[in-house]
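Dumping the structure here so I can ask a few things about it.
Letters A, B, C and D mark the chains as written, and numbering starts fresh at 1 in each.
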Amino acid sequence: MSKPVCAVIGVGPGNGTAIARKFSSEGYKIALLSRNEDYLNRLTHEWADTRAYAYDASDMTAPEKVFGKIKRELGPVDVLVYNAGAGLFGSIDEIKLSDFEGAWRINALGLLAAVKTVLPDMRAAGTGNIVVIGATASVKHGANFTAFTSAKAAQRALAQSIAKHVGPEGVHVSLVIIDGVIDLPRTRETLPDRADDFFLKPEDIAQSVFFLTQQPKSAWTFELDVRPFGEKW
Amino acid sequence: MSKPVCAVIGVGPGNGTAIARKFSSEGYKIALLSRNEDYLNRLTHEWADTRAYAYDASDMTAPEKVFGKIKRELGPVDVLVYNAGAGLFGSIDEIKLSDFEGAWRINALGLLAAVKTVLPDMRAAGTGNIVVIGATASVKHGANFTAFTSAKAAQRALAQSIAKHVGPEGVHVSLVIIDGVIDLPRTRETLPDRADDFFLKPEDIAQSVFFLTQQPKSAWTFELDVRPFGEKW
Amino acid sequence: MSKPVCAVIGVGPGNGTAIARKFSSEGYKIALLSRNEDYLNRLTHEWADTRAYAYDASDMTAPEKVFGKIKRELGPVDVLVYNAGAGLFGSIDEIKLSDFEGAWRINALGLLAAVKTVLPDMRAAGTGNIVVIGATASVKHGANFTAFTSAKAAQRALAQSIAKHVGPEGVHVSLVIIDGVIDLPRTRETLPDRADDFFLKPEDIAQSVFFLTQQPKSAWTFELDVRPFGEKW
Amino acid sequence: MSKPVCAVIGVGPGNGTAIARKFSSEGYKIALLSRNEDYLNRLTHEWADTRAYAYDASDMTAPEKVFGKIKRELGPVDVLVYNAGAGLFGSIDEIKLSDFEGAWRINALGLLAAVKTVLPDMRAAGTGNIVVIGATASVKHGANFTAFTSAKAAQRALAQSIAKHVGPEGVHVSLVIIDGVIDLPRTRETLPDRADDFFLKPEDIAQSVFFLTQQPKSAWTFELDVRPFGEKW
C-alpha cells in the first residue's frame, strides 16, 4: 500500500529488467516503460505490483500521458531510472544526420522530458531519485561512435546540470557509467571467445543503481563507474 | 588566386568578426556566414576577397546550398571555423524542450552538417582545418545553463570523435574552450564595474584560433582553453 | 575466527572512526592504524575484535613491521582503507618545500608502501579491497591548496594505475572523492553559521566505502564522489 | 642587451634542445640547464647568447645557486621551460619506493623549487612565463607507468594551482601534454617499423611552447595537448 514506486524507462532483456527486478525484490511497485509492450507483459506476470506501459522515449507527448497514468495506477514516482537508448556504432562517415538526431532525442531530450514530468511530485515530497544509465561513451569520445558519444555527452551534462539544481530540494540525480560489454545472449554470440569474466552482469549493475538511491542525503554520489574486474581500461 | 579559403560560421560583432579579420590579414579569402547578412555586408566592404553568405546553422538544407556557392565563388574551404550558437541562460525550470532542442541544433547538429559538407574537399586535398569555438559550458555543467551546457558537451564529444577519425587523413579538428566573458559593448554594459582585465578580447582569441590552423601535423592540438589572466578559475 | 579483516590507516574522530565502526558492525575484525595510539585504544575497548597499531604513514619502515603484526594477531588483511593525510591549506607562497614533501609522503608514497605490503596476501587469495579516501583536491586544483592538491592528484593517479594492474587478479582498488566539509566538532566550530545540511556525516560516507568493498566483481567502481545534497558544485 | 631570457630545465637531444633553439632563433638569451653539461657545451658554441649550467632538478639547493648565477650572467628569467624528467616504465610490481620518489622529486618537487626561485623577479616585472612539459601520463594513469603517472599528475595539479595563484599578477603558467612518441634516434631504434608519421617532432612541439609564451594576457591557455596527426587516441 505504502510501497514506493520505481519507474524504469528502457526495459529490454538486459539492464532494464535487472534493475526493475532488484527494485521489485526490495519492495517497490514497478512501472516498466518500453516500446516493446509484449516483452514487458511477461514480466508483469512474474512480479508483484508491476505494470507495463508502452513508451517511446523520443516522443515528447509520451511523458505527460504515461506518467499521468502511472500516478493514477501506482502513485507518484519515487525513483526514475532512465535506461533508454541503445549503443549506436558508426563514424561520421557511417551515420546520417537523422541517426545523430535520433540518438540525441532518445538519450538527452527524452531524459529532459521525463525529468520535467516526474520532478514536481519529487519536489513536493522533498525527496526522490533519478538514476541515468550512461556508458563509456559518456566520457570517452571514440571515432566510431560519433552519434552515440555526442548523445551520451549531452545526456551526462544535462544530468549534472539538473543534479546541481534540484539537489538542494532533496532530489538526488546520479549517473552510472557502464564501462564494458553487458552479458546478454546477443553479446555472447557476437563475442563467443570471451571468458565469463569479460562481461558485466546486469544484476550486478543493478546493485549499484539501487545503492545510489539509498544513499543518505549528507553523502550523495553524482557519478559512479562500473566495469568488470578483468576489463582493460 | 591561390589564396586559401577560410569560412567562418557565426559572425557577429565579437569573436566571429575578429577571427575572420585575423585570417583576412593573414592572406585568406574569407566566407562570412551568418543569419544577419546586413552586418556581414559591412565587413565585405572593408576587407579584400571577402564574401557574405546568409546561413542558418540550424537549417539542415543550408550547408549543401551555401558551401556549394562558396566553392564556386571562392574555392574549396581550407579552414572552417564553427562559431555558431550564443550562450543560453536557464535552469531546467526556465528552459523549454524547444530551447533545449534549439541549442543542440545550432551547436551540435549544425556542426555535423557543416563538417560533412566541407570534409570531402579537405580529404581530397589531404589537408584542412576545422576549429570549433567552445565555452566553459563544454566541460563544466552548471545548474543555470541546462540547455547550453548539454549542447556544448554534445558539440565537444562530436568534435573529438571527428578529430580522431579524420586526423590520419590530414584534417585537423580542434576545439577552443573560451572560459570567461568576451569584451563586447553588450557585456560591458551588463558588467559596468568590471575592469578591462576582466574581459577576453576577441582579437586575442583569434590569435589562438589562427595558431591552431598553422600547427605542423606532427604536433596537433585538439583542445585549448583561453581565459583572461585575472579570471578566477 | 573466520571473520574477515579490515585495516584502516588514518583513524581520527571523523571518517576513519566511522569507517572502522561500519566494518566492525558488519562483522569484520578491525585493525586501527594511527599516530595517535591513545585515541585508538579508546575504540578497542568499545568494539569486539579490534586492535590498535601505532602507525606513521610517512615512515617507510612502518608497513612491513605493522602489517606483519596485524597478520599474526588478526590474520591477512581483506580490506585496506587508506584515510591518512589531513587537508593542508596554503598557496605556493605559504607552503615550504617540506610541506609539499610531507603532504605527498603521507598521501601518495605512504599509500604505495602500504599497498605493496598487503597486496601479496590479497593476490594469493584472489580477492581483496583497497579503498582510498580522496578529496575535491584530487580532481580540482585550487590556488590555495598547492601542496594538498598535488599530493591528492599523485594519490589518485597512483590508485588508478594500481587498480588497472591488480583488478584482473581479483583485487579491487577504488577511490572516494569527498567533496565538502566533514561534520566534526572542529569544523562546526569553524563554521558556526552553517546549517546541519552543509556537512558530510562520516557515518554516511562510511556506507559508500563499505558498499564499494561489497560490489560483485563483474561491476566494480573505481571512482565515486560524495557530497551533501545542499552543496554548491 | 635588452634581449629577454629563456631558461630551459632538462635539455637533452629531444624537446629541450628544440625548445631552446626556437627561443634562441626568436631573439632570446638562453640558459641551458641539465645534469649533462658536456652536451650543453656543444650547443653554447653554436648559438649566440647561450650559456650552460649544470643542474640537477632533484637537488633542492640547485635553484637558488644556479638561478642566482643566471641572473648575474644573463639577467632575470622571462621564460622558464620545465622539461625535466624522463618517462619511467613500470607497474607497481616493477618500481621501488625509491623510483616512485625519484620520479616525483624531479617532476613535481623540482618544479616547485624552480618556480619559487624565478617567481619573485617575474612578479616584480608583472610579467613572465612558465611552461611545464607534461605527457599523456599527466592525465591518463596506465597500469605500467605507476611512478611516472603519479609524478606527472602531481606536476599537473601543482602547475594548475600555481597558474591560478600567479595569473592575476601577470605570470602565465601553462602545461603542454605531449601525447605520443618523440622523434629521436633512440625511439626510432626501438620502433623501427613505424612510419615518419608516427612520431612527434621536437621542433614542432617547440612551436606550441613558444606560442604559449606569446599569448596576449586577455586570452591565456593553461593546457594544450599535442599529438601526431596519425596517433590513435
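To be clear about the criterion, a residue touches a chain if its C-beta (ideal position, glycine included) is under 8 Å from a C-beta of that chain, and two chains touch if they have at least 3 such contacts.
This one's a predicted model, so the numbers in the text were calculated from it and none came from an experiment.
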Shared touch partners for subunit A + subunit D come out as B, C
Labels of chains that are neighbours to subunit A and to subunit C: none
Compute the centre of every chain as the mean of its C-alpha atoms, then state which one is farthest from the centre of subunit C. B
From the C-alpha centre of subunit A to that of subunit B, how far is it in Å? 34
I'd like the Å distance between the centres of subunit B and subunit C, where a centre is the mean of that chain's Cα atoms. 45
Quick one: which residues in subunit C touch 2 or more of the other chains? 164
Pairs of chains satisfying the touch condition: A-B, A-C, B-D, C-D
Subunit C touches which residues of subunit A in the complex? 164, 167-168, 170, 172, 183, 197, 199-201, 204-205, 207-208, 211, 215-233
What residues on subunit A touch subunit B, complex-wise? 60, 91-93, 97, 100-101, 104, 108-109, 112-113, 115-116, 119, 137, 141-146, 149-158, 160-162, 164-166
